[in-house]
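Common to both upcoming complexes is subunit A, partnered first by subunit B, then by subunit C.
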Partner chain A sequence: MHNPEMKTRLLIPLICFCILVSCNPAGKVGTASKAPCIFPDYTEITVPYNIAPLNFKFEGASAMLLDIKGEHNYRFRSSGETMKFPLRRWKAMLAAEKGNTLTLTLQAKAEGKWVCYPEFKWEIRPEKIDSYISYRLIEPAYEVWNVLSINERNVETFDERILAANSLTGRSCMNCHTSNRAPVQTTFLHARSAGGATLYQRDGKIRKVNTATDSTAGAAVYGEISQDGRWGIFTTADIRNGLHSAALERFEVFDDSSDLILVDFENNTVTDSPLVKGPEFQETFPCWSADNRTVYFCRAEALKQPEQTRQMHYDIYSISFDPQTGELGDEMVKIFDAAARGKSVSHLKCSPDGRKLLFCASDYGTFPIWHIETDLWMLDLQTGEIDRMKETNGEFADSYHCWSTNGRWICFASKRDDRVYGRPYFAFVREDGTTTKAFVLPQRNPNFYLTTFKSFNIPELYDTPEPYDARDMRKFYFGTETEQMTYSR
Partner chain B sequence: MTRRIFHIANIALALAFWLFYGLECNGTMHGIEGDSLFLYTSQFAREMLGRNGGLANWLGAFITQFYYYPLLGSALVGLLLALLAEGVARFCKSDITLPLALLPSMVCAILLLDPKWTLALPVALCLCVWAAYAVCRIKVLWIKAGCAVGAAIFAWFKIIDCQFYTYAVAPVKTYYIILAATALICVICAIVPQLKMRWIPSIATVALTAVFVIIAPGKVDRLQEEIADYSHLVRVRDWDGILAKAAGNRLSSPLSTNAVNLALEMKGRLGEDMFNYYQSGTRSLVNFEERKLSSEILYLLGFVNEARHLAFEDMAGNPSRDRGVYHLTRLVNFNAVDSLRRPIAERYLNTLHKTLFYRHFEHEQLVCPQMEPNSDFFFNFGDFCQMLGFLYNQKPENERARDYFAAALLLEKRTSVFSSFFGESDYCPKSWKEALQITASINGGETAPELLEYVNSYNACYGKASGMGRYSRTYWYYFNFR
Partner chain C sequence: MSQSAGSNTRNSIIALLFFASAWCCLFFVCPFHLIYKEQLTLFLCDKAYLTSLLAKPAFAAVIAGDFLTQFFLYRFAAATITVLISLAVWDGIRRLWKRDGLHNAVLCALIPAAACIALSCHTEYPLSMTVGAAIAAWMAYGCSLIGNKTLRAVATVAAALIIYPLAGAHSLLFVVLTALHERKRISAALGILVYGVAIIGIQGYAYNLLWQDAFSYPLIRGYSYKHSLICLIVELAAAGAFAEGFIGKNRIAVSCSAVLVAGGIICLQFDAKKEYDLKVSTLAYYGKWDKVESMGRENRFKSQTAAYYYNLAMARQGRLPDELLNVYQPLFYGLFLPVTMTETYSKVLAGADALIECGDYGQAQHSAMLGMTFMPNQRSSRAVRRLAEIAVYNGDTLAAAKYLGMLDKTLMHRRWARQTKALVENGTATPLNSYRDTIYFINDYRASLTNILDSGNAPAATLDYLLCYDLLIKNLVLFMQDYDRYYLPKYPSIIPPRIYQEALEMMEAGPEYNISPEVKSDNQLFLSGQEYKFPKSYWYYFKYAQPGNEN
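Presenting the complex of A and B:
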């Protein structure tokens, strides 16, 4: 035994044995009557087969043992309060269990005792979720910001990169990174302040365009780009804000005026229609129908603000669009009377199959993220029926949603956890159009959401990674000539 | 002999800095400590060390947390400066260059008296100097060369490129001049040979130390220090301390007056004693440009949403500052007022519990939901008096709102409005009585019997050069002359 090599040979198996023993329940295991209180809440959820490992935390646990039963059996161990799944084993498990429902049994050791918790389930859907998600990371301040960035995250792994950082672009504000999710992907984002413009990317080529003209109210704000990448429908708005004093409210953003503009990115022109501009009504949050032949938008009678902000109720309207002539129709139709229900709608997003319209419903106004009562609602465009998505909505503001390319998943920012910090949540859209309980984007370290001071803003799903990064963006921002759009009647 | 004098001078400088900084600049030190955050977590270390200049920033933040106790913090900084001087002195072949070794630490000491410079500066210098010295000690040439290249690359990314200044526009040029000058001093020290000048280095060392001791105190911004001191006393809710500090001292800034007025209110003496101090309009009550102090005032009055707004924006909006413990403690307090906001308070509390000095921090209970407005209105920062009026109308039982509303009306000299609100009030402190007497005299009403003699005496003096001084602490004097 004086041989050090011999000592090492004996010591290594001994240590391995001790670790295994400490991670396995030995002797009596108690049972708990309630489901395990894990963070994030990944109990009873429906997930895509290509999602990154759903690492979670169980506070107070010194060891965990997770048994997963599906077509095969799997066992994962943890020697602390966080359960981190090895990526390769996780991928193999989901690939093997595609379309199955997994039953999970968690045993956790706390204060020296092992306790077995009631089982919970994960439904592994064979429908893929888009591989990438972009979001803006920003401190949820009211008017000012310090450092913000638009990041792209691979939802199948934990890889993340920065697409645009305001630290590289003179601290300017950047927002609304949006994809058209077409086979040839087109995306845009707005960079504000001096040198700023709309950064339009199609097929790897980036352009910097200024959509503000003398004949329209300002530059493009909220909007979408058509599937062929040529047309953009946007809001132009004079955006103001105010600070609430009553206990449970926080901040209000409202438009003194707002109109819609149609942007032709091929001919660099901006146009509009008398139906969607003018001081009598406010029009905002336009989106395309799946075939790009209809524009849905929110519209409300223009009232004096901020005095009558609480009376501002936006309804949903539609107007036809002819992609050949680039003209909006002569007639608009009210397709959802939100005011009659005491609600105001915003952020319209049409499903890829053209059958559903997903939107935010708040008590009033046009800026849902500051309204804790904001929920996502789904309108069936064929029947006119409304689904209030009770299974999916959280306690506080659910907003900034988008569809996956195949229309089977939705992603949105939810403040359900603490009222202030938004986090990206996903939910599955069933065949009948109903949606499941939402789950948060998994992180390598489940503590991340509890410690970060950043809010996830405008999560956007897409399947092709952006061809640029923050350094490229800096070059475009400072080095590229801005293309000036002209107004066309 | 010269080396001994150098060591004595180095220790004397460290001691002088310790005592002067710790005793004279403790308000500023508390302010710096409040703006910084050091967490005892691996994630925090990884995040900090992963950034450019991360090592210097991380060590700087580590030392800054000890500013919580100014004498402890300044002792550590004094030690750091002594270490820097000792590091440079190690390069000296000749005693004649020893006085030069004191210069970098003296420059750092003077710069640190300006709160915008961070501890990353002396930390970066210290690390670089000692790393260079360690490399120089290596005997084998190729190892020395390799270590020199490695250390230079590491120093460039993880030490030199640090956050040495907490303001949007950093004096980069000054910083690099200091770095270059320190490097040059090290080189000079290393190449100047031993010369026979027995007394000159010693005299130079003593003279340099004396010059530093004379110059340094003049570099302290006394106004800034006064404001920082009052802000700290507000932060720790030491109302008696504020009033003791203000007693007999002229308040140099409206921000100091804000703190004194708040302390008076918290002791229930605002209406009685506010005109004992120099007042100048409603900016004597609050200045929204200074978000930290104004957020405290709004919070204690019951404007919790607005307080949270200012505290959050102060935290998020500074382009060169990360969040600090001061903001986090405020946000815990401001969010813990009602149960619906508790989850967010818990979030900040969890972060605070990972620090050294706030691990047992719990939210205070100075404000209750009943003090907040129950009917919503948009807050207008341009008309504080009107906002106070809205709050008082909704919550007449909120005594702080009542007193501040009354004070705002008095400071705006709206005596008739004041009388309409408070003319019938059972509670009627000195300044209110004086204001009501003014309204009475304007409207031809009767003067309160207890004021009659005083009014007659004031009227007799009014307009005369002498004698008015004894009335400078009355509302009448403010009304007529300010």
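Presenting the complex of A and C:
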């Protein structure tokens, strides 16, 4: 026994045994009547087979044992309050259980006692979610910013990289990183302040364009790019803001004026239509139909603000578009009367199959993220029926949504957890168009959400990683000449 | 031998005296610069938070520095920790230079340590910078212990690779010290310098830092330290001290150099008015209102912050109108600290305090959030406490839970967080904000305060703040409007504070306003040319107060 090697040989199995014993319920196990209160709430959810491990924490637990039953049985252990799934085992499990519903039973040890919680389920969908999501990380600091970045995260792993960081671009504002999710992907983002412009990326080539012209109200703000990457439909707006005095309201952003502009990225021209410009009405949040032959947008009568902001109710309109001539139609149609329902809509997004229109419904105004009552609603463009998506919406501000390329998943920013900081949530779109309970983007350590002051802003799904990073973005920002767009009647 | 031992003892005594003096300087001259650093950090004992630091350079220095900065809440600890870390820098360099055979190594090593201490007298020079310097000094000393040249070269190359993620910008100190150590082999020394600088640049690039940021991190460039290479002072001091150790063997000269370096840097960057501002702001944060009152009354720097907190202290006692013109008033900027693009984050954050007192939780939240956003690392224990308080006042339990949950992970604010959480959970802390919702522009104090007063459950200070604001912006029409609407119905029969009477008399208000005969006769005297008798009257303010430099 004095042989140190012998000691080590005995010690290692002993330690392993101790760890194993401490992570296993020995003897009596109590039973809880309520579902386990895990964070994030990953109970009774539908997830894609290619999602990253849904690591969660169970506060107060000193050990956990998770039994998962599907076509096969799986057991995961944790020696603390955080359940972290090994990536390889997780991938193997989801691959094997694609299309199945898993039953999970959690046993947790707290204050020396093991307790078994009622089972909950995970439905593993075979429909893939886009592999990448971009978001802007920013303090929810009202109208200003200091340090912000646009990051790209692989939703299948925990890998994250910075696409644009304003620490490299003179602290400029950057926003609205948006993809057209076409086979040849086109994306854009706006970089503001001196030297700023819209950074347009197609097929790996990046251009810097200034969409502001003397004949339009300003540069492009919210908008989308057509599937062929040539056309962009955007808002131009004179944006202002104010504070709310009521307890749970915070901030109001409103437009003193807003119009739509059509941008031709091939010929570097900007055009518009008398139907979607002018001081009498405000037009904003345009989006393309799936075939790019219709533009949907929000429109409201222009009222004096902030005095009458509460009376600002935006409805949904559509206007035709001819991609051959690049002209908007001469008639517009109201397709959803939000005002009649006491609501105001914003942030329209058409499904890839062209059948649904997903939008934010707030009580008034045009800036959903600061309206705690904001919910996502789905409009069936064929029947005109509205789905209020009660299963998916949270208590506070669900907004800034997007569709996955296959149209079976949606992603959006939700403030349901703390009312202040937005986090990216996903929900599945069933065959019948209804949506499931949403779940938050998994993190390697779920406590990340509880310790960060950053809000996840404008989450955007896409399937091809951006061909640039923050350093490249700096080069484009400072080193590339801006292409000036001209106004074309 | 005995002569050398005696010399060493004398040197050690000088060094000890130096550090004792430095401690006294930090403790007595600029304690609030150090204390404020605690308010500029929020160190969480949480794995996710600590892991997030690993992705940035200088993680070891930042973790150790921010952890220790928590204790800066206490004046004694702030000075002591700063001196002890600088002492570690000194000791590492001293040992290294002693091995190098430097004359007066004990005293020469004081010079870079003095630079560390002096730089620490700035609120935005984080303790992690000094910790980084200590790591660099000790790693250089560690490398010097390796006798074999080849092995030492390998160790130096490896250390230069890992030191930047550990220590940040002061890894340059390691490069300088090891190059000096190898001075006899000039090619090796030059090689170390080139390689070390290149490694910092490359690693900074990999961390997505600009080169200026790479050579200053964890000091955040673009704040008070406009010059990106400010942190190189320590390296320059080290190089200078090393040279002086060989050239000037005179103990007194070396000692004087250390004092001059420290004194010079302090004189260049120390701002007595800022110390005064930080003191009054921190005392208010700690709830020591009696001291705030005496500082505000004296206000020897004509400080906007001191005037602001004095007014707040008076408002808390219901004496704001009585005392308003008895002290220095920088127009209305002594009542509210507006949120503007040119304002400092410390003032923006402080601006939340008066707004909370007035019940304007919307603007207070805005100020606290923006104050924190514009801090060097966008984290602040003080701002988070304010945000938690405001969330409680608003009945925003989810937001309160987020902030209190974070504070619960700190060492120094845990107790407060748990107490507040208990108050929320047992219903003792009831929401105060039940105002009618209105939308108003930022810094529109009148719109906000009148809305609060219209709600009928305004805090006591709100009305005084509104009326005093009207007076200080010299808008007597608005004053009369607000007086008639809010003050008169509430206090119909009492004699109003003298400042209100003076304003009412200017507006020739009727008898229902209870203006005393004394005020009326004083006004006559004032108008008859005897203004000098009433330097603290509203009449005098109205006639002579002009916008100046409010800061």
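The criterion applied here is as follows: the second predicted complex is superposed on the first by the 489 of 489 C-alpha atoms of A that agree within 3 Å, B and C clash if a C-alpha of one lies under 4 Å from a C-alpha of the other, contacts with A are read in each partner's own complex, and residues count from 1 in each chain.
One rule holds for everything that comes next: contacts are C-beta pairs under 8 Å (C-beta built on N, C-alpha and C of every residue); 3 or more make two chains touch, one makes a residue touch a chain.
Given the structure is predicted, the values throughout are model-derived calculations rather than measurements.
Visitor: After lining up the shared chain so the two structures overlap, which partner does A:116 touch, if you call subunit B first and subunit C second: first, second, both or neither?
Guide: neither
Visitor: Just checking: does A:417 make contact with subunit B only, subunit C only, both, or neither of them? Give me first, second, both or neither.
Guide: both
Visitor: Of subunit B and subunit C, which one contacts the greater number of residues in subunit A?
Guide: C
Visitor: Of the partners subunit B and subunit C, which touch A:35 in the superposed model: first, second, both, neither?
Guide: It touches nothing on subunit B or subunit C.
Visitor: After the superposition on A, what does A:275 contact: first (subunit B), second (subunit C), both or neither?
Guide: neither
Visitor: With both complexes superposed on chain A, which partner does A:290 reach: first (subunit B), second (subunit C), both or neither?
Guide: So A:290 meets neither subunit B nor subunit C here.
Visitor: Thinking of the overlay built on chain A, is A:471 touched by subunit B (first), by subunit C (second), by both, or by neither?
Guide: The second partner, subunit C, only.
Visitor: Intersection of subunit A residues contacting subunit B with those contacting subunit C?
Guide: 139-147, 171, 242-252, 306, 417-421, 445, 447, 450-451, 453
Visitor: Quick check on the complex: what are the subunit A residues that touch subunit C?
Guide: It comes out as residues 82, 139-147, 162, 165, 167-168, 171, 241-252, 306, 309, 396, 417-421, 443-448, 450-453, 470-471.
Visitor: Give every residue of subunit C touching subunit A within the complex, in rising order.
Guide: Residue list for subunit C touching subunit A: 44, 46-49, 51-52, 205, 208-210, 213, 222, 341, 360-363, 365-366, 369-370, 372-374, 378-379, 394-396, 398-399, 401-402, 405-406, 409, 431, 433-442, 448, 451-452.
Visitor: In their shared complex, at which residues does subunit B touch subunit A?
Guide: 41, 43, 303-306, 309, 312-313, 315-319, 321, 323, 338, 340-341, 343-344, 346-347, 350-351, 369, 372-379, 387, 390-391
Visitor: Please give the residue numbers of subunit A that touch subunit B in the complex, ascending.
Guide: Touch list, subunit A to subunit B: 139-147, 171, 242-252, 306, 417-421, 445, 447, 450-451, 453.
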